[in-house]
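Each structure below is given as structure tokens.
Okay, so subunit A shows up in both of these, paired with subunit B first and subunit C after.
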Partner chain A sequence: MKTYHVSAFRMYRSFFSMHLRTAMEYKSSFLMTIFGMTLTSFASFLAIWILFDRFHTVDGYTLSEVLLCHSTIMIGFSISEILLRGFDVFSSQVQSGSFDRLLLRPRTLFLSVLVSRMEFARVGRLVQSIVILIYAVWKTNLTFTAAHTAAFVLMILGSAVFFSALMILGAGVCFFTIEGIEVMNIFTHGGKELGSYPLDIYNSRALILFFTFFVPLSCAQYYPFLYLTGRESSFFYALTPCYTIVFFLFSLIFFYFGVRHYQSTGS
Partner chain B sequence: MIFVKDLCKTFRVARRDGGMKNTLKSFFHRTYTEIPALDHLNFSIEDGEMVGYIGPNGAGKSSTVKVLSGILVPDSGTCTIDGRIPWKERTAHVKEIGVVFGQRSQLWWDVPVIDTFLLLKDIFSIPDDVYKHNVDELTDMLDLSQLLRTPTRQLSLGQRMRCEIAASLLHDPKILFLDEPTIGLDAVSKIAVRDFIKRRNRERGTTVILTTHDMQDIEALTERILLIGHGKILKDGSLSSLKEEFVTERHMTVLSSNFKADSLSLPQGITLMEAHSDRAVFSLDTTVLSVSDAISAISSQTEIRDLSVDTPSLDTLISKLYCRYEVL
Partner chain C sequence: MAFLQKYLTFFKMRIRCGLQYRTAALAGIATQFCWGFMYILLYHAFRNSDPAAYPMTAEQTATYIWLQQAFLTLFASWQLENDLIAQIKDGTVAYDLCRPVSLYPMWFCKCMASRLSRAMLRFLPILLICGFLPAGYRMCLPTSFLCLGLFLLSLTLAFLLTIAILMPVHISVFFLLNESGIRSVFANVMDFCCGGLIPIPLMPAALQKFLSFTPFLYMQNTPYLIYNGYLPISDALRAICIQLCWLVFFIPLGVWMMKKALRRTVIQGG
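Moving on, here comes the complex of A and B:
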């Protein structure tokens, strides 16, 4: 019998290059979208800049510290937006019936949906966020011990995992509503805006608790940020992004639970 | 071997009347109607068979194909294909089937067709030598050599469908589901597609399940017909036996030099439909009167210059079937 098997990784790589080539097919449109997306995310950066130009500090946080928050969240968000686009626009895939096609592939559903879409036009936002991050790190005068480096890396990864999990969760909801629900945008785009500042400036304990245990935005970014800037000294704060994995797994289980309720669309 | 027993699937559909008021009302309180798409469906298909799966829109054709291909999970009943339950062993099952949705492309729009093929090679883990052999063979049989390097968006519908069929056969499926494969195609493409499907069935023994509204497809391809309506199999039989049973009418066109068609005395079972100065059209009920008796009855009264006997089209047969079983 045939035992030839193409690994999930190799298949992912093939799809990656295919999506890249398709995106390049319309060069001017691709570049325009990158430019447009960069401009819109530049606006939120500008808002922070203007605010600090006036007040210098907010709740004891300096501009560079807030930019550190802002840029890590943005990096996490753009990474998941580029790579998990298939989940992000999942409702349209269910509505158009192209999800049926994905079910006809001898691959896990997670992988099939993952490779179905990639949105390279969002790469502008990623690059911009990385530039801001570099600037923020440089201005904040962070001391990079091994522990701090770990916190820094985990913070970025945690943000990416957090937003990815939200998108998968949103995709799972589609099975029950067919249309994507706006509630999910409160968390994705809301989380993006909320997370642009250290969470305690909002002065709400309930908010922090909610975003710690239910939607672990704080675990992804706020707690390691406190450790990184020396406000908390326990290394436990640096490890909290690991909790986003739990959230991710929960989302994935919910997504698979949803698949069982799948009804498909007409003809 | 496909085996389906007591398959049921019910869809819950939200119903509301039009208008703003009802839209608002349905926002808070929604009434659902249960629509049985499959209602105790039973049939079995042997390896290597070609089956035409017909029925009016909304009869349950697509739902059946979706259950058989592992996309939908039925509410109750069993279905095994080569000993596997499609929705339970989805990944193993889909390796053995090929599915062509006439209205839903799986080719990438902006890149050459061959790029989609290469991607399918990875998706289905097709070994290099098998892939090369299949692409060569399919290219040859479906005449794709000029098309493979063209982006999908620049292909005509017929060219695209040929590529579409090739794409779904790259992994050597044992069973091929074709959902309206000739929809919107021109005559040449239709014939090319039909010939290919026939050849594939004959040479490889591929089981073919074809859903279509095109009766020429059925006539050209399938010997066996499954008629579905209201989620049930209403008729399962060969095309010729169905014809015998349902098409008992013949149209006889008689040409004669001096015709007084109205003054002919006609035996039971034959009626005059049209009368012209040089020709007349009769309708004949073969359950009452045989064709030869009808000819001799007419020839005894007038001199026949030419004669033709026609069977009504397959479309007529199908619409009779639909009426008979009240599926419309």
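Moving on, here comes the complex of A and C:
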């Protein structure tokens, strides 16, 4: 008997197209949800814009610089929301017991959870953030040397890895709490809001240190931002997003640690 | 009085039900603390950048933010009653129609109770702790008893107004049969216009002027601005009158919509 072994990449691709086609089945509902989601992120953009309309600068940063922060964070957040939605809503799988089914699949758990859900309705948010990013880059007068381009790319990738890691971490916590816990929102949504501005405007050293070493939001975005806008000249600042990979691996280890503690709810 | 008794019972039932979610409340309190601090730090940063352009004092800002966090669940625009919506969708609303009660007041009571029960668990700890924070972050006391009285009155009216405005959103499910679209659009618009994202005094004058023609300006931010002294007593009294007017507009609107919806509702057996 011949066994077919589909590569993980091909499997991911076919699930990707499946989820996309599912979403497209209900076109009007899909478009409406995209619109609603875009409105949410538009509101937070509008809030920044309104504040700058009144105050013009914050702590020496201009509107376009803040928008640079805001858009990279939002891009990272929406990428991880689209692709890692399975981890984001993982508590429902643990509660309903459907996680048991994933355990029986002849694939790694990570892949199984990854392909279980994809949320294309978040695409509107991604597009909007990209538009804002283009505007911000155009207005900020950045000098793009090779090093700056690297910082720029790493900043976006780092944000995506950072939020992905948070979602996996949140999923890992579900093994112990069964319920999804709202406290994780402090880091995901809180991180998104905090990171919309350069972190030093909050004028708190403890906050920056916490978001450097424990939850590496600043590594993903704030330090490369400083390099990009010429506030710091050491290339080390551009490389800090690499630290998010460590955080990602930690989350993954924690997730698998959680799996070992998993007791089915039995329902 | 016997007429009100029925609705009071629904109200009590819901309150008891809601009070059970204590762990969720604890998590909520933690989350709201973090959000509160984040906003206060953010607005202080803007204030330091251009103090002349900032319309409130640091204490007023902190007080506003903490009140907002403490009473978040009373005014949450995205919080629709999911079981009422599920009832409409799967037709079990027919059971409620068989009861000798009117649907509108019953639903109104349910909405009130579930919001109140959530708020009851949260607001006291938040306000208590915030009273002892360092200056600039501290929740301050109201300037006078009159101010406190007006705050409580306006808070109650704003709460009723929020539910009265959300009732037509619930009822629209009878017509639309899918709430996700209207929910996300309405929740976002309402949250923004009520000052949920940035306090109304920080908005541009033109936008404030525009919002003064909508009910949104007279919802959650009005009681907070009365409490922190941003609105002088005369303005506060005026705002309270307008709150009453909007309430008188939205409750009959909801009742009328409900009547209209029920007239065309067909319950399919099964």
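Things worth noting here:
By our rule, the second predicted complex is superposed on the first by the 262 of 267 C-alpha atoms of A that agree within 3 Å, B and C clash if a C-alpha of one lies under 4 Å from a C-alpha of the other, contacts with A are read in each partner's own complex, and residues count from 1 in each chain.
Keep this in mind: a residue touches a chain if its C-beta (ideal position, glycine included) is under 8 Å from a C-beta of that chain, and two chains touch if they have at least 3 such contacts.
Predicted, not measured: the structure shown is a model, and the values here were computed from it.
Clash-free side-by-side placement of subunit B and subunit C is the outcome of superposition onto subunit A.
Shared-chain residue A:A147: touches no atom of subunit B or subunit C. Once chain A of one complex is fitted onto chain A of the other, the partner contacts of A:R260 are limited to subunit B, with no touch recorded for subunit C.
Judged by the touch definition given at the top, the superposed model places A:R10 against subunit B, while subunit C stays out of reach.
Looking at the shared chain after the overlay, A:E182 reaches subunit C, while subunit B stays out of its contact range. When the two structures are aligned on the shared chain, A:I208 is found in touch with neither subunit B nor subunit C. Judged by the touch definition given at the top, the superposed model places A:S29 against subunit C, while subunit B stays out of reach.
In the superposed model, A:M18 makes contact with subunit B only, not with subunit C.
Our summary of the superposed model lists a minimum C-alpha distance of 5 Å between subunit B and subunit C. Put simply, subunit A uses no single residue to touch subunit B in one complex and subunit C in the other. Against subunit B, the residues of subunit A that register as touching in their complex are 2, 4-6, 10-11, 14-15, 18, 21-22, 25-26, 97-98, 100-101, 103-108, 260, 262-264, 266-267. Residues 11-12, 57, 62, 66, 69-73, 90-92, 94-95, 97, 99, 101, 103-104, 106, 108-111, 115, 118-119, 121-127, 130, 179 of subunit B touch subunit A in their complex. Against subunit A, in their complex, subunit C makes its touches with residues 24, 27-28, 30-31, 34-35, 38, 41-42, 44-46, 48-50, 53-54, 178, 180-181, 183-185, 188-189, 191-192, 197-198, 202-204, 207.
Interface of subunit A with subunit C (complex): residues 29, 32-33, 35-37, 39-40, 43-44, 46-47, 50-51, 53-59, 181-183, 185-186, 190, 193-194, 197, 201-204, 207.
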